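Across the two complexes that follow, chain A remains constant while its partner is chain B and subsequently chain C.
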Partner chain A sequence: MASLIARYPRLQSLLIVVIAAATIILALPLLGLTITDVFSIAIILIVVLALNFMAGYAGIPNFGMALFVYIGAFALAGVGTRVALALVELTSPGFIELLRSSYPLILGDSSSFEVFVRVAGDPMVNRIVTRKVESVIEASSILSLTLTLAVFGFAIIAGALTGVLASLAAVRLREDYLAIVLLAFSELMVSVVFDQTDALAGGPNGAWVVRPWPRVGALEGLAGLLGTIPDVLISLAVGLAVLAACFIYVERMANSPMGRMLRAMRDDDLTIRVYGRDVAVTRLKVMAIGAAMASIAGAIYATVYIQVKAADTYDRVTWTFVPWAMMILGGMANNWGAVLGGIIVYLGRKAIYYYAPAIASVISPILGVEASIAGDILRAQLPNILVGVLIILVLYLRPQGIIPEKPSKTLSRREIEAIT
Partner chain B sequence: MKALDEVSLEVPRGRVTLLIGPNGSGKTTLINVISGVLRPDGGTIIFEGLDITRLSSHERSKLGIVRSFQIPRLFQNLSVMENAIVGRDGNPGESVARSLFKRLWVEFEKKAFLDALGKLEFVGLKGLSERRPGELSGGQMKLLEISRTLMPMNPKLVLTDEPVAGVNPVLAHEILAFIKNVAVEFGVTFLIVEHRLDVAVEYADYAYAMHLGKVIAEGEPRKVLEDPKVIESYLGM
Partner chain C sequence: MVLPSPEFTIYSIAYGSSLALLCLGLTLTYMTAKVPNFAHGTLAILGSAITLILIDRVYYQFKGEPLYYSIYIVAPLVAFLIVGLTALIQYLLILKPLAKRGVGVIGLMIATLAFDVILVNMLTMALYLAPSAYFGKLIGQSLKGFDAGISILGVVTTFSRIVMPFVAVALAITLHLFLTRTKFGIAMRASIENPSLARTLGIDVDKVYMVSWFLAGGLAGVSGSFLSFIIESVKPAAGSLVIVSIFAGSILGGLGSIYGALIGGFLVGFMEPMTTITLQNTLTALLGKAVIITQYQRLFSLLVVIVVLLLAPQGLTGLNYRGIIGRARRVGGVG
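Right, the complex of A and B next:
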């Protein structure tokens, strides 16, 4: 195939057109995309932009994205619920005592400290207490705003620190070692530490979160006009705003001397060292920023998908390998490419899900399986299989992706003409 | 067998010092040790009175030690212009926060751009400034690396590993003359490894010859070339 393309260069553009057309046709039934689809696209695009910043520009092969996204979700599931309970207990003392007397069988013997541990650590307590706390928090603008700030503040700081911590040991090593360390660290933290420790955020059962959106000022006015604003709309608005902010940040950075230096570091870290750049410190800074971005995405995601299960919801396929496929398809070290690749892969996966029963009804007689079973298997496995195939195909046929990397545009044509 | 064995040499400030020797004599290893790419097992490296033996390569670079590589190490996905301009250190736009505000770095960037353009023009690569290094010939890659080596803000010691290998004779003379001129005008010190002795000897102030990891001769370049030990080492006797 590669030699065919070498012989007929136009074949490559033709291939792109065919893929694009197929994607659009496949995505047609999805024109009725739901709000949660748009929300999910916004969240995954933040993760892809963060990954592109770390891997595409700075050359840090981050195979541990899932961990950084989960840290943001943990900010709600493991920290937010407890902060919310503390806020309620502080403003209306006796709340915990009231809980104890209301649920003597479950909470009767627990000390206040144990209630704090169990509110996110014990599925039953979590289930009961979360909604009660949420109703108190929702009624107060100050409480809900405080919770929002606490949760997102934690997500940003903990995300950045985890990014630094995860790469600290390997930041001076070659990129391949860094990739292995990041993958191993992420797996260890998500699948072992968080998923197997109930006290952190419910272990394998996960934890329900207290939705943190403030009901303040303008929102209350709007709610008055519209009757009520569903939480998902607030989450969508916040998701889109954060996506826009992240895009502006990475795009500005990419077209500054910083972007150029990162690309140089990615191409040859020894040479950039010889030219006075501290590679280890730069990598740590990039990890901190990229991980914080992914973590914010995880926090916003958990405001809609409010049951947070570590290894189950924040798995490596969805949050590490799918973003990699999106970035590789769109074009590494190109933010527009990352966005385009993200949308195409999301819609493609959605289309497979949509068409799975139809495909199943065709192939099930051939395979001798029942159509409904074949449909279920296809829905579960085909999107992931195709992500794997897509990564291989793009790397083989068009390694630069749909929109290739471009020089960092530090000076505009006009600025260059003016000085030369 | 030691790559470098009891090597002791002094490179005088503001002069062009030539380092010669047959293949495998330890010249590149010495450059690697001075620039911090390799750590020596023993001995000390003193730069302007400061012991730099334990400093990392980027710390040495900040003191003004720059180098080029025997096989050009260019940034393959950066344009020719970007490859040159990235040699300029201290750009305020290379900070994670300041990079967002163009007015904080645009003046520095314009100056660096003009400087890089001048260097590229000198080596005849101005017309190719938007190409990628992969599109250049071997000699042009060498020239691009030389231009980049001359880009740092305040170079004090420039270590160049075969700067004119693969470059046509006329340009080879021009490059070495330029190096000599930079040394004389700006007091920059050069340590040059070069096999093209016929060309290099004209521009060097002092020379060291190495063989099997040891310095076997030093002094006025032409005298070093005529030293029987040096001739023997080249003839493999």
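Right, the complex of A and C next:
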């Protein structure tokens, strides 16, 4: 076996892929994985690929991923709800007036502008209005398509802008300063600015989103073939499609001249400065692209997890730290590695979550705590602790990860001969 | 402009002093390991949690008695030892072996972040699961009610706020004397400045680094112990916001000088609440209705980080003061 792997080095990675695939198939029924789990894996993998692009290839220590993911969710919760209300008001004027007369106690003395603020800012108004608006949007395929385009357009542009803004202060400095600034910016934006300002997207209470997909119900009349498809399946399909697109993009980029330049910058930025490339501009470009990718992931995520709470849902551990662990375990600057690491860590966390009550029932008599309380706490804390330990162990035992970085692909001999 | 009250100024001075100690520790570890320790905020919160546990287990029964005042000595001391050891463990078990294996700066940074996550979650678990004598549930408690009140010149404040600045100054002076007057202190400065040369001279650089990490953790513990009476509630997650202010103070101080860290930390810690409350009072007076912006207080720290890195990344200590004064003179002469 060992000699076989030595003779065919490709076999090793193939073997790992096969083992990983087998693990997943075996783990599915065991852990009770559902379609939303597959969806969550797809979303987190997009984030890991974006991180791999920024940190693995370009050497930007992005400790602020959570913010970029949240910006995408905000595109639905803070912007999408308001765009949807505006669309409905434009197509059927008097909608806001109707709302006011239907809910005199809640909306009676609010001006139209206030209604627009409160539709995402006030939990009660948010809950009522998003449902009403959603039912109108659902009925029209044009409206829902417009909403989808508006929301994802905003997510991409705002994500890219945030990426640039967050890194601007330290983009010319060493990596450690960049890491500090990205962490500080992300932490304060998510858990102070967005979480403390009700008017943006509900503050700590969060906001429910208007689900944006072009409604299958409306398409049904046209096609006549499809039955109603559950929303989560549409989200899953979009998530998988975006994941595939991101994978192909990052993979192709890594093997392009741009990718080679990024790796050179990561290893020693002097090398690219010699060739007249500006390190700061290159880093900003990478930040914009990577943050936009993470932001799209956040937007798709919010179509399933439709209550968007800034600091609660888009916390640093889940969206910054865990993706880092996935990337480091799988292998930095290797996209297959990132995907593999992502799946393993997700399943691992799920498994710990699954077995936590069993562990709790053992330790709770010793501590003198109720088993259910101990179980809840273990569920919340144990996966994070083990991910922390995992990062340190991988860095110590196998810093290159499961699938190490490969040299970038060069042209095949035939192509080179054809050129010369 | 509406100036803050004397009570609030005392609070800000106390907060600035505790941040100065935290920045001092962070800078010390940065100079030795050449990596920013993202767990430093949580180390301080560990100090707060130790104080919380001490009050819960021992001190609540002495409330109001003269004996109660011993908590201002006992809690910081215990926190100094335990948090110092925690930081030492972090260095010996994580950073040193990883650095030896040639892990780069990014890897080391994510390792400190990993330690932070481990520490936060272990602390959460401990505070939830530990049987409590007084509070019922230890996590998220406010210790403000356990701070002895005191009135000086008609200004009502609390004991910890008066003691904190003196403790900070005393520790800073002790550290200064240690670094300049003792053999080990001088060896420490040498090892930080030029490790290979220090090694050639027979200095045990490793031991020096270990002492630095222990000291940094210890100071974070003392600071966190006093902070526990100041912050709204003692919860492990608080460290993730405190760290931003610590970085702000350290970057302002230049991340390369412990005196810079003391000044930078105090300035950020003092100015952060003072600026916020002044702005809030001024806005309230201008608009004629109550404006509350204290929840955005930490944005001041972020602003400091951004402005310093954009204008003078080397911080206060790295500035060329002679050049600035000279230029100012020349400009003055022309004008």
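Methods note: the second predicted complex is superposed on the first by the 362 of 420 C-alpha atoms of A that agree within 3 Å, B and C clash if a C-alpha of one lies under 4 Å from a C-alpha of the other, contacts with A are read in each partner's own complex, and residues count from 1 in each chain.
Basically, a residue touches a chain if its C-beta (ideal position, glycine included) is under 8 Å from a C-beta of that chain, and two chains touch if they have at least 3 such contacts.
It should be emphasised that the depicted structure is a prediction, and the values quoted were computed from it without experimental measurement.
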item: Fit-or-clash call for chain B and chain C when the two complexes are aligned on chain A; value: fit
item: Partner chain in contact with A:P407 - chain B first, chain C second, else both or neither; value: first
item: First (chain B), second (chain C), both or neither touched by A:V164; value: neither
item: Partner, of chain C and chain B, that touches more residues belonging to chain A; value: C
item: Partner chain in contact with A:V232 - chain B first, chain C second, else both or neither; value: neither
item: Contacts of A:R260 with chain B and chain C, given as first, second, both or neither; value: first
item: Touching partner for A:A333 - first (chain B), second (chain C), both, neither; value: first
item: Which superposed partner A:E415 touches (first chain B, second chain C, both, neither); value: first
item: Which of chain B and chain C A:A86 touches, first, second, both or neither; value: neither
item: First, second, both or neither for A:I359, with chain B first and chain C second; value: neither
item: Overlay on chain A, chain C to chain B nearest C-alpha distance, Å; value: 11
item: Residues of chain B that touch chain A when the two form their complex; value: 35-37, 56-58, 61-62, 66-67, 69, 73-79, 81-83, 85-87, 89-96, 99-100, 102, 105-106, 109-110, 113-114, 117, 130, 148, 152
item: Of chain A, residues touching chain C in the complex; value: 55, 59, 61, 63, 168-170, 173-177, 179-181, 183-185, 187-188, 191-193, 196, 316-317, 321, 324-325, 328, 367-369, 373-374, 377-378, 380-382, 384-385, 387-389, 391-392, 395-396, 399
item: Complex contact set, residues of chain A against chain B; value: 249, 252-253, 256-261, 263-264, 266-268, 270-279, 285-286, 289, 333, 405, 407-408, 410-411, 415-416, 419-420
item: List of chain C residues in touch with chain A within their complex; value: 35-36, 38, 94, 97-98, 101-103, 105-107, 109-111, 113-115, 117-118, 120-122, 124-125, 128-129, 131, 240-241, 243-244, 247-248, 251, 295-296, 298-299, 301-302, 305-306, 309-310, 313
